[in-house]
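Below you'll find the structure I mean.
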């Protein structure tokens, strides 16, 4: 049942001036898994994404994707290799139509026209495909961003807080979409999320970061029982899952 | 008033023998350093003559020519002991000016009057030059004039045709060398009247020199009974003249005169041709005299008239030798700016030689104001010191040129005045 | 007002040529947030390529247009790769200083190489009259070519993959990267295209006006105003503003006074700064 990891962070370290934003971080994401990456604000999660996607250079360590060290590759090269990401603050190309947004992620290949439509259909945006992306609601832009990433046919998709600012109905279809992609297409997901319900309910594995380091790794139950996690979030008093159900 | 600048004389008297004795050293020195002042290195303190010229910016093309005139003059004075046509002056024959090698200190005012002011202050106060020559253009000359008056250094101005700089100002230290703007486009109104033209349009660039030229044209047009149907200034920075020429066309004028500098002449001609406008006379300032004008426009330049302070076929003393020297030094044919630069420097040279000193500025100045002479550039005589327009040029003449075709080549024929003309004025403009 | 059609035509011709310079300047700003002071110098260099092709080889500017564009494309792209790329993402002042320095180098060495002599190409100077509008053929040809080239740029940006890559880079570089776009290549390409379009403008100017080493700066001054008017980085905005500028010059000169006309674009600029601070075309990104 144990799959070969599709992604590995190996002793990744990154400092901003004196701040160690990511400190000797190591963990793996197995193929076909949905892995949650959680941790308090400022823990270094987004920075780790930036390092994985190449937007930020690491100081030391390695990013291994499909068994290959990609630490030296440029961001667009990693994207083309099948490592897709979204951004914490959603970013679409506002002055392009939805279809044009889709094609940006598949330069040169217009045979993908059908696929672009298909993905937009999956996120319920196909009727608006000739409108400008700036006309979409924030939640819809998130869906567009996800659909756009698919144009790269990525093996691994990094989602930075996909649930934030998305209304419950839209969130439901988003989650359904993620599962469908995993179940039928075999995509792998690494998801940063503060919504504990979502994490506990949908992730096969959870990695917890605090102050730049990985402090715990395991199934949802294991994490809920982990003392160190409790401390990292709230000091000793409360449990993060005390908030579960009122998630972000 | 202000710092009267007497530089202590260190004239030790360069004898001919001394000079010959050191020529061995000289030859080596020249070979190593490769420029003239070295000849005098061990003899005499160089005579430093300062000027700012527009070497970049809008006036770069003309400023550069003027600079060449200055440089050729310095070269001739340093090598021959006199400039062309000035061999018979007192104290000539000995290399340099009164035995001192001339060293030009030329700074670039970037065609900007304010910069010119700063640079003349710098030349006078921090660089402590011995003598001055004027800058390029009426605009810079006008801006610099108070500085020179204050410093009390006799200065000939080669390329300031605006009379307003001198008129009523009783300037004491600077003279005009160029024919005044009021004598621009000679013969224009007379020829127009003779042919029965009634309506003239005057358009001009909104800067010192064209404004003055336009003012004089206006006065002459009125005097000769032409009706001015359009009289308008346009700003310095324009790149397209079509809308203005369009207005001229609409005004019904059969004579179009004005412009500014070379770009204006080319631009106005292009616009006139493009709009298919057919006046009887198209007469433009400055540009028409320059070879660039014909080179740029080709046949579109035909029958356009313009004037010149000077053409390379004039017969002033030394002028032809000057043209030759220019050709071998820089290649090509000199333009009037370079002859003007040379000529202005010749005025300074003559005043200094006649004064027999470089230090008694008052004496040099008095001679400069009284002098009646001829340079390679033109005749020279200015309004006397005690007159309101003191320093204003009185003797220099201009000629009217027309672009004509001869043996398949475009040339500037001299068409006015009759005494100077080598061709008929082709009328109307075609 | 006399002959409004003629004034309209004049304004459009001038505007079309400005637009060739302006769209490139705006495109470059959009893609790399660099204000390229040397942009006008590309027009100057293109003009000289056309001039020497005419003077030495007798090539019509309509023929040398493409080689001039190709040469300046390579020059621009090379310059971007070697030099400009180093200041991308740095503060605006760094790129301003750099491109200002480049501009100085380019026009000073041009002044040495070409001398300060004013030049121009006398080609298709015969006027033609149509609907009461009279104009040299060269102006008409220049206008048409300028329109074709700007049209080609828009089609390129809209419909081709590299064009989309440029637009994507302009709108959001990080996302473009995440979408697999080589933004560095997009920047180089955009810079080269900008230089090529400026070269085309220079070629047309050599035919309708005159050229000299310093001309780049004069055109830069105008097109910079145009680009700010249109919204920094907006290519469509630059196009519209270029025509607005040309028409303001033309009508302003005839209806008000030649002295007031050059101030009109700045009056418009101030008005736009007050009412639409990001320029005519709103957002500062390359669009549609």
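All chains are identified by letter, namely A, B and C, in their written order; residue positions are counted from 1 within each chain.
Here is the rule we use: a contact is a pair of C-beta atoms (placed from the backbone, for glycine too) under 8 Å apart; a residue touches a chain by one contact, two chains touch by 3 or more.
This is a predicted model, so every value here is computed, not measured.
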item	value
Central subunit by CA centre of mass proxy	C
Winner on C-beta contact pairs when A-C is weighed against B-C	B-C
Intercentroid distance (Cα basis), chain B paired with chain A, Å	75
Separation of mean Cα positions, chain C and chain A [Å, integer]	42
Computed distance of Cα centres, chain C from chain B, in Å	37
Residues of chain C touching chain A in the complex	161-162, 164-165, 167-168, 171-172, 174-184, 283, 285-288
Interface residues, chain C side, partner chain B - complex	2-3, 6-7, 10-11, 13-14, 108, 111, 116-120, 122, 125, 127, 129, 134-136, 138-139, 208-210, 212, 214, 218-219, 221-222, 249-251, 253-254, 257-259, 261-262
For the chain B and chain C complex, residues of the former touching the latter	56-58, 60-61, 64, 203, 206, 232-235, 237-240, 242-244, 246-247, 250, 262-263, 266-267, 270, 273-276, 292-293, 295-300
Complex interface listing, chain A residues touching chain C	53-55, 74-76, 79-80, 84-87, 91-96, 100, 103-105, 107-109, 148-149, 151-152
